[in-house]
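In the two complexes below, subunit A is the common chain; its partner is subunit B in one and subunit C in the other.
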Partner chain A sequence: MINLEPYGNPQYFIYLLIGLIPLMIGLYRGHRWRWYQSLVSLVFIFLMFDGPKLEQGIALIGYVLWEWIMVGGYMAYRNRANNRWVFYAAVVLSALPLTFVKITPAVAAGHTSIFGFLGISYLTFRTVGMIMEMRDGIIKEFHPLLFLEFLLFMPTISSGPIDRYRRWLADYETVPDRDKYVGMIEKAVHYIFLGFFYKFVMAYFFGTMLVPRLSALTLHYGGDGLSWPLVGYMYSWSMYLFFDFAGYSLFAVAISYLMGIETPVNFNKPFLSPNLKEFWNRWHMSLSFWFRDFVFMRLVFAMMKTKLFKSRVTVSNIAYILNMLIMGFWHGVTWYYIAYGLLHGLGLVVNDWWLRFKKKHRKSIPHNKFTEAFAIFITFNFVCLSFLLFSGFLNTLWFVKP
Partner chain B sequence: MSASKRLWLIIGPVIAAFVILVALLLSPINFASNSKSVERKAAVSLAPQVFKGRQIKKQALAGDYVPFFGSSELARMDPMHPSVLAERYDRNYRPFLLGSRGTQSLTQYYTMQTISTQMKHRKAVFIISPQWFVAQGTRKDAFSFYYSRLQTVDWLQQVQDTKMNRYAAKRLLMMPSGHSDHAIAAMLRKVAKGQALSNYNRLELSVRALILSHEDQLFSDYQLGHNVNKVEKAAKQLPDSQSYAALDKTATKLGKEHTTNNNLGIDNGFYNTRLKGHVADLKGEQKTFDYRKSPEYSDFQLVLSQFAKTHTDVLFVLPPINEKWAKYTGLDMNMVDQTNAKIKQQLTSQGFNNIDDLSHDGGQPYFMQDTIHLGWRGWLAMDKKVKPFLATKKGSTNYHINNNFYSNDWQQLAPTDQNLAQPKWNENK
Partner chain C sequence: MDVKETVIEILNDLTGNDVNDAMDTNLFDAGLLDSMGSVQLLLELQSQLNVTVPVSEFERTEWDTPNKIVAKVEGLVG
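Right after this comes the complex of A and B.
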């Protein structure tokens, strides 16, 4: 049985392009053949989850049914009433399959949940986001078919970027005019080739050539503490993570563009950020914006409303830490993901304090090219250090050393 | 500009690039013809693209080069290194070094697939490391690093239903690399089950073979490194006479000069970069190391079956472990002896009788360059066997392969004298 990992190798793009050409001709001529788009999407989703991945495919079908009932059910309820406990229940139930998937390996080492499949996190972000916007009254109707088309939008199914329902729907219901569509194709071509360079050259270089060597060197000769190969590992793995994920995201955005949908971009030169706050505006943007809108802001509002804390600063600090901790837990229930979340939460608190301090003492703190470069340097190294945690390598080095 | 013109300006270059690439990779042109200097560089480069490739190896081994299979010790290019000795005294052979850190039996087996014609009725040197024989066998990441689809395709194109091939397919499928290409993975599953490949499979293989061999021809001679300079520099330190008395004097002198900052007999540079900071932590660290039971024994059997298939006359080298280091780290030398006995049993019982067993020489001064790698006087000791062995090009062999060495029984056999004398074979597949 043929099984195709999404964007796994250059050939995949040839297959994908062959499938998309009729759709593109339609879009170029001003039509969106929805039935064809659904058909070609289903074929490629089938190829992702068939053969050796069949179990995941079945989990996906079960998951989609579950979410269809949750989101559809909540909408039906929300049109009649608005009890917040029902809302909380809907969010929790919608996130339940993902929760199982994340907790299973933590309580039963070496096992993965039968509910799991590639991309479950990203689909859950979409459904939970929808339920929250239904509660806010921004989404007013549940369309059974459009919901499925949004949830299973093929280019982004496996790892995002995380689109929002209303934004996606606006694109989907219209056809870009010819000039705009040609411009989108132009961008798509650029993104695909940039993605090739990122994923198949840079990520290969760092991830396949450097990381395993540095890992072996650290494990054999580095000892448990700081060592040169460990430092090398930290930087190479960080570079690998960026180029691999940014390359993947470019592919997903590019293929969306070819399908006439402007999926939001995920990365914007994150390593040139002058501070940590700015980093999260440029790194895995669709995720951090999702967390900003659906976790951070809501935590802040909830705390303000209940007047839990007097100081606005305290409120935002607590929200930062909780927000990043939840993100850490979402990555997986392991000490290093949680520590990674905590580190970034604290980092944001310190960063916020520094920005306020700088504002107050604007005159006495120099600002020039050198301080800017220094800020970028500090931010970059802090982020790489946090990625070393995130990589789980310290866990290998300290606790499961072979 | 009209939209259609703009569209063509965007996709035109993409189409052109695609057409050129396909033409370049699928055309029947042979781009290869390496100069003598490329061969010379490649032979000592230890570069992964040479190891994973085909063209350069084939061409060199058809000439005066002899394959020296091994792993990390090959990188210890002091003046007594086999490549340096052959170069300095202009011997009738030149080593072609195949292997680096992490290349174990399974990797070596697949490498041999690309050069099986060149190995037929010829000679080879194979340096074994007892450190390969760890309980979990070859590391998946190390295997991936040296994995070459070209070699797998070469192998699949000539695969027959034998125990060796079934086992090799099974092992490859246990590695992530075996699944990196779904068509190849499907073929491997067939081979592992003893099924024949279909005509469509053969077509898939030919297309891949064409593309991969062109990639190899075009890119493998790129960046072959500076090891040639290292070899030339080392050659200058050798005496004019290649008598072992003169060479031993030089080797002793060099060993003495290079092991001054520690009392473990380890090269200064190695000690500084790899050990210095945490040498205290390593005391007693290897007490529990055990090489006696490992899937590597059956992977090694693949290598032996391959040698038997190509009737290659092989000199096997069993290197020692630095005795001072072993004592310091608490390595169980009785365990090491048993490991070597098990390896030797596997060799001699199948007619591989050319063994240079240096495993008891780890206490000789300046024999090892560092912890587990041959150096100055160790290389020289090995040369005493290598030189006469390679004096003639053709060798004769009388191997009789025993497929029981592929069994779990053998992998897990505790190599006591009694067990080795009469191994029990329960599995008879």
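Right after this comes the complex of A and C.
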């Protein structure tokens, strides 16, 4: 049976384009054929999860049913009442399948949860975000079909970018006018070719050619501490991570554009960020903005409203650390993901302290091209160091060395 | 005190700058407002003007200059 990994190779784009052409003709002429869009999406989702991935496909169907009941059920409840404990319960239940998937490998080494499938983490952001917006009274109605079309929006199903229901719906319910749509197609073509370069040239070079060699060198000759091959591994793996994920994200955005949906972009020259706070405004943006809006701001709001702490600085520091720790746990329940989250939380605390200090002593701190370049250099190296942790290579080096 | 004055006073307090000279400046790009500042703004609006804006209603691009914020709040009050 044919199984197609999303954006796995250049042929995939040819199949995808053939499937999308009728939809594009419709959009160009001012119509959105929803039934055709749903059909073509289901075909490609089927091809992602059939054959050897059938177990994942079944997990996906179970997951969708579960979330349909959770989100629909919460909306029905919220239209009548607004108890906070019901809200917390709805969030926890909606995230429950993902929680199982993340915890199973940590408690039973070598096992993966039967609830898992490619993309479950990304779909969970969509459902939990919806429940939170229902609680706030921003989403007022649950539409059984539109919910499914949003949840299963095909271009972004496997790894984001993470879209929001209200933003997505506004695009989906309209057809871009012809000039705008032509502009979106131009952008899509540009993104696809840039994505080819990122994923099939740059990510291949760093990920397939350099990383395994540097890994072997470090393991055989590098010892447990700092070594040149380890430094090389850190930079190569960081480059690989960026080009692989940014390339994938460009594809997902491009295919969304062809379907007349302006899925948000995920990367904006992250390695040129002058500080860590700015880095998170430019790296995996749809994820960090989700965390900013649904975790950080809510934590701050709750802590300030209840006057839990006197100092604003304490509130924001606690929120930074919790926010990044949760993000670490979301990546997976392993020491290195959690340490990665903690490191970024602490990094943001220090960054914020420095920004306040700089604001206070604006006159005595020099600011020129050299200091700007230095700031980018420091940020870049901090980030690469954190990615070395994130890569899990230190775990291999220190604990499971072959 | 009218709504506009109150909002400007809140913004002056939060940013540590006089925003009267910068009514169309993007406060986020200028580094004067961040997520922390946004939440404080929402809380001040609630306590001083009795305007309730849930966090998920806070779409950054609609709240990024003093003029936009004033217009937004005036809409919610009136």
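Quick note on the criterion: the second predicted complex is superposed on the first by the 402 of 402 C-alpha atoms of A that agree within 3 Å, B and C clash if a C-alpha of one lies under 4 Å from a C-alpha of the other, contacts with A are read in each partner's own complex, and residues count from 1 in each chain.
Criterion: contacts are C-beta pairs under 8 Å (C-beta built on N, C-alpha and C of every residue); 3 or more make two chains touch, one makes a residue touch a chain.
Computed from a prediction, not measured in an experiment: that's the story for all the values here.
In the superposed model, A:Ile2 makes contact with subunit B only, not with subunit C.
In the superposition on chain A, A:Ile185 makes contact with subunit B only, while subunit C stays out of contact range.
In the overlay built on the shared chain, the residue A:Thr208 is in contact with subunit B alone; subunit C does not reach it.
Shared-chain residue A:Lys359: touches subunit C; no touch with subunit B.
Look at A:Asp136: by the touch rule set out above, it reaches subunit C but stays clear of subunit B.
Of the two partner chains, subunit C is the only one touched by A:Phe301; subunit B is not.
In the complex of the two chains, the subunit B residues touching subunit A come out as 3, 6-7, 10-11, 14, 101-102, 136, 139, 141-142, 144-145, 182, 274-275, 277-278, 281. For subunit C in complex with subunit A, the touching residues are 16, 31, 34-36, 38-40, 42-43, 54-58.
Of all residues in subunit A, only 132-133, 136-138, 277, 292-294, 296-298, 300-301, 304-305, 312, 315-316, 319, 355, 359 touch subunit C in the complex they form.
Residues 2-4, 28, 178-179, 182, 185-186, 189, 208-209, 212-213, 215-216, 221-224, 227, 402 of subunit A touch subunit B in their complex.
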